[in-house]
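First subunit A sits with subunit B, and in the next complex the same chain sits with subunit C.
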Partner chain A sequence: MSSIRKNITAFLFIVPGFAGVALFYVIPFIMSLSYATTDRSGNFVGIANFINLFESEAFRLASWNTFRFMIIAIPINIIIPLFIACLLFNMQGLKWLKTVFMSPLVIPTASIAFFFQSLFMSNGLLSRLLNNNVDWLQTDHAFSIAVGLYVWKNLGFNLVLALAARANIPKDYYEWATVEGMGEIRMFFKITVIYLIPGLFIMFVMSFINSFRIYRELYMLAGNYPHQSIYMLQHYMNNQFLWLNRQNLTTSAFITTLAISAFMVIFFIIDKKTEFGE
Partner chain B sequence: MKKSLIALLFSAFTLVTFSGCGTQETHAGGLNITSSNTNINNTNISNTNVSNELTIASLRHDPLLEDAIRRFEALHDDRYTIELVVYDDFTSYSQIITTAIMSGRGEDIISASHLTWQRLADVNMLLDLNNKMSFEPGIYYQSVLDAFIYNGGRYVLPLGFRIDAFRLNNVSAIDMQNRRYFTLDDMIALAHAYPDECFIHSPMGINETTIAHRFFELNFDEFIDLPNRTANVDSEKFINLLTDVQSIGDRLVSSDWTRIPLIQETMLHNIVMHVDGIEDYSDFHLMTNARGEGVARSNMLMAINASTQNPELATRFMQFLISEEVQSSPEMFATPVNRNAAQIVSRGTLEGSIALGFVPEGIDFDTNLAVFNAFADRLTRIGISDLFISDFVIAEMNRFFNGEVTAQQAASNLQARLTTYLNE
Partner chain C sequence: MKIFLVALAFIYIIPLLIIFTNSFMSMGEIARNYGATHDYFDHELIGQISWVQYKLIPEIITLSQYHTLLFKTPMYLDFFINSIRLTLPIVIMHIVIGSTAAYGFMVWQSRFKEIIFCAYIIVMVLPFQATLVPNFIMADALGILNTHASIILPLGFSPFAVFIMRQCMKGIPVNIFEAAQIDGANHAQQFFHIAMPMAKGGAASLIILTFADSWAMVEHPMVFLRDSALEPLSVVLYRIGQDNIGLIFAASVFYMLPMIWIFLYGQEYFEQGVKLSALK
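Then we have the complex of A and B:
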């Protein structure tokens, strides 16, 4: 009885939070499936909306750009903070650099967008330095700018994770390795990297989630219809919302959710199977 | 026990809070909405009208609509109640109205001038006025009315229009073949024939982008097929348009008003227009494409919401808006689409100008009327009404004329952006 009472108590505490998630996420998502399988008049059309979506050049472009951004930006956003963390950990008197790297995290998105605009617009700082009149956000370099913006903004977060993970590696291992005559580079790959992998996994998951948030800055920098190299899935979905095209919006949201869920399942399966650090 | 009680109370409180997120309808508007009618009801946007009520959405204060409403209500012995809902902000108007219409709500009649109305028409959110309104031959400037037909349907109604015209001070150097219209090729030829002349004055501060944009509009359907959602700007024709305008770009002098230009740009929104004391339209030429087709411009477009609960009354009011009575109102500030009203308004303007001494007596009104009507009959096209497309085109043209990109790059960039936009 005591156990049942405890469960009931626990359930009652969980209910408000769960009710909120259900009311504002789960139930609307399930309801949106009805739009994904009907046309504008409400007639059931099966998977026709999904077929039309995959035939849409705009959706394919957005999907490819989002995927390309993730496979380029996420590794950079892991390797650089990892490298900096290892440097900072061993250096004395440079702890203030942590504050410097962390500061982009606390700057408002609008300020970041304004800053990058002043750098890269047609009469911005870069154009003046190069003595031309180019709006870099309207060129093929827009993608590189987006990657740079993402790395700059999220570097501090991954740096904190990397430093925390680095601090958890026992010093004894390094002492033992030194005694055994192992060099710095070998120590890095044989000890540091191996024992950072659980932390790397968390960095990877957080970077994956944060890669979708770049949309806020891109929207403020370049609006609803940016250069085609930075036209992301969120641009596509936001524009569908703008035109109240519920069918395309819900269909693309459903596909995106499936894709993200699949990625996350794969990540956790890999993590479970390898059981790094244990 | 204590913990269970606390948990139970907490859950109950939270669930009651959620259930309090109630069932009240939120209004489509809510941002700076005022109502400017004697029957003030700011919240009447829910389309639960009975048959004698109508709502009209307007961007900014519109004296013509207010006058039309008063006349309509008086004509029907106040059996009908028409409410004008005025939105003060351009940006929110477009968003609010589009959202309301696509949600199946919104006002019965809407001012569509600042909306991407073709998109609304594509998803059947606007009523097709064909077969619902009557357009008797000879009563209206039919070419102007028909210019706004989209995909076989008449979704918007222009109440008034303007004409883009040039006054040419010297055309003998180019072969106009007694044409009353003026193409881009004619402009290029004139510029090259008179390399040292002050070329163009414009009260609107014309530049290369505006000229290129005008000629883009004149050839719009060769570049963009809206019904089929395809673009063809990555073409030699578009590149030539940019380079041709660029070749005369250094000739666009608009600041030295002491020199008489070869071309003076003006807008005609009155049959009798007095600019620099001219007395007739013999010097005026209509700006057209190579086929002699001109652009009808109107910022007085009205449309009926397809979700209206009162289509009959809405249609009847729209018919009234293009009647001679309304169109000859002193509040009309463009050329009325009703021919008789256009003459009445223009004669009134002329008489007033003569009385005030702005214009000498003796102007041949009938000759001017014939020239104006010849221009109006050539207005078979409309300007770019999709604001996104217009922004894309202007942005790429600006980048080209500012030297940021080549013509080929501008064409390629524009093609990519338009393709993405049209394929969404």
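Then we have the complex of A and C:
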């Protein structure tokens, strides 16, 4: 009896947050779906909006760019910090460097955009060095610039996480391995890499969230219509919003949500199966 | 390797250094050094390219940018206050909701628990543009469009806080709670006397992350606020960068002060919290 009552009290701790998420995200999301299945005058059109969307070149380009950005930028943003963390961990007196790597987090987005503009504009630093007067943000290199910007900005937080994960590996493991006659390189792969895996979960989730946030910088760098290699889903949806096209906006939001949900559920199941997260 | 890392760190620190030193530059000098960035068609008129010049040390050190910012254009102070008005309630909501819900997720026994948490993670990772219409519908229904509440409420209820706090509380050994229960502690006592003190680092890193994120908000104010007097500094900085470049450095310093303060003040706790969340 008392244990059931205790369980109900435990549930009460979740209620305020749960009510808020339901009220501001879940319920209005379900309400918004009526736009996805109707036309502008409110007539039911079935899946016509979805077909239109998949036929739209802008939407396909935006989805592909977003996907490409994530599969390239997120792994880089995990591997580089892990690598730097392993280097930094063994260097006495240099750990304060991690604070330096966190510094982009405090710089305002507008100033970041300003710096990147002055680096890559046709009269910017890069063009000056190469003496060719190219507006790099209007070439295919814009994509690499976007990846670089993302990694530059978000590396610091993952580095702190990676350092923490590295510090959690007991020293004994390395001592035993040395006694066993294991080489440095084998130790790195057999101990360091394996024991860094639990920290990967949160690093991945943070990188994933921040990969959508790159839109802030891209928007300030290049406005609503950047070079086609960095035209993301966020640009597409924002433009639909500006054009008051609720049909396209909710339909693309629904598809995005569905894709992310599918991915996250799979990720969650793998995470539980491998006890990655426990 | 050491040299490589130090060089890399140097690249990281340059923008900050430039912002600080150039905030003491006269506006005329800034226009000369960087002004060309924004009207890049100029060189076609003059016939020669005016390259962007980075300068660490100003020709003349002056406080004119700060003077203009604080005394000649007092609305920047209002924008600063807007930023605080938006950020503080979000941070407070995150701490309260995040810590209680994380505790609830830890002690509540139910098979729906993981399903709800998975839904939370999905809502958390969605880009703003995907939740824009739902947030808009609800703000419209509550009649809070064009007020700060239309931004604070959806962001304050964001499951991010629950995720971070739960991640940190996972590190607390279960047998501490079992022992407390045998001694007759109820949930409120366990929450305030065990869970919260042990997750202090997590709360600190949540404060820093939420603060940094809300202070830098760009998309929400642009969508939900039509009245430009309500806008936070983060959005206003964008406009300064576009039409009043001479002020950008001092305005950036002004913008960064609270963030730097919070970072330096909370760094130790922050690292503790990060350590908890990376452990599990």
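Remarks
Criterion: the second predicted complex is superposed on the first by the 256 of 278 C-alpha atoms of A that agree within 3 Å, B and C clash if a C-alpha of one lies under 4 Å from a C-alpha of the other, contacts with A are read in each partner's own complex, and residues count from 1 in each chain.
As a convention for this text, contacts are C-beta pairs under 8 Å (C-beta built on N, C-alpha and C of every residue); 3 or more make two chains touch, one makes a residue touch a chain.
Keep in mind that this is a model prediction, so the values were computed, not measured.
Subunit A is touched at more residues by one of its partners, and among subunit B and subunit C that partner is C. Judged by the touch definition given at the top, the superposed model places A:F13 against both subunit B and subunit C.
In the superposition on chain A, contact of A:Q138 is made with subunit B only, not with subunit C. In the superposed pair of complexes, A:S122 makes contact with subunit B and with subunit C alike.
By the touch criterion stated above, A:L23 is placed in contact with subunit B and with subunit C alike. Touch criterion met: A:A58 reaches subunit B, while subunit C stays clear of it.
Residue contacts after overlaying the shared chain place A:M91 against subunit C, while subunit B stays out of touching range.
When the two structures are aligned on the shared chain, A:V106 is found in touch with subunit C, with no touch to subunit B.
By the touch criterion defined above, A:F114 reaches subunit C but does not reach subunit B. By the touch criterion stated above, A:Q228 is placed in contact with subunit B alone, subunit C being left untouched.
9, 12-13, 15-16, 20, 23, 122, 133, 135 are the residues of subunit A that lie in the contact sets of both subunit B and subunit C, per the superposition on chain A.
Looking at the complex, you find that subunit A touches subunit C at residues 6-7, 9-18, 20-21, 23-29, 31-32, 35, 84, 87-88, 91, 94, 97, 99-115, 117-118, 121-125, 127-128, 133, 135, 152, 160-162, 164-165, 167-168, 198-199, 201-202, 205, 208-209, 212, 215-216, 219-220, 233-234, 237-238, 241, 246, 249-250, 253, 256-257, 260-261, 264-265, 268, 272, 277-278. By the touch criterion stated above, subunit B contacts subunit A in their complex at residues 3-4, 7-8, 10-11, 14-15, 18, 98-99, 102-103, 119, 123-124, 388, 392, 395, 399, 402-404, 413, 416-417, 419-421, 423-424.
Across the complex, subunit A is touched by residues 1-2, 5-6, 8-9, 12-13, 15-16, 18-19, 34, 36-38, 40, 43, 49-52, 54, 96-98, 100-101, 103-105, 107-110, 114, 116, 118-135, 137-138, 141, 153-154, 156-157, 159-163, 167, 170, 186-187, 191, 212, 216, 218-219, 223, 233-234, 237-238, 240-241, 245, 248-249, 252, 255-256, 259-260, 263, 267, 270-271, 274-275, 277-280 of subunit C.
On the subunit A side of its complex with subunit B, the touching residues are 5, 8-9, 12-13, 15-16, 19-20, 23, 40, 56-58, 61, 122, 132-135, 138, 224-225, 227-228, 231, 236, 239-240, 242-245, 248.
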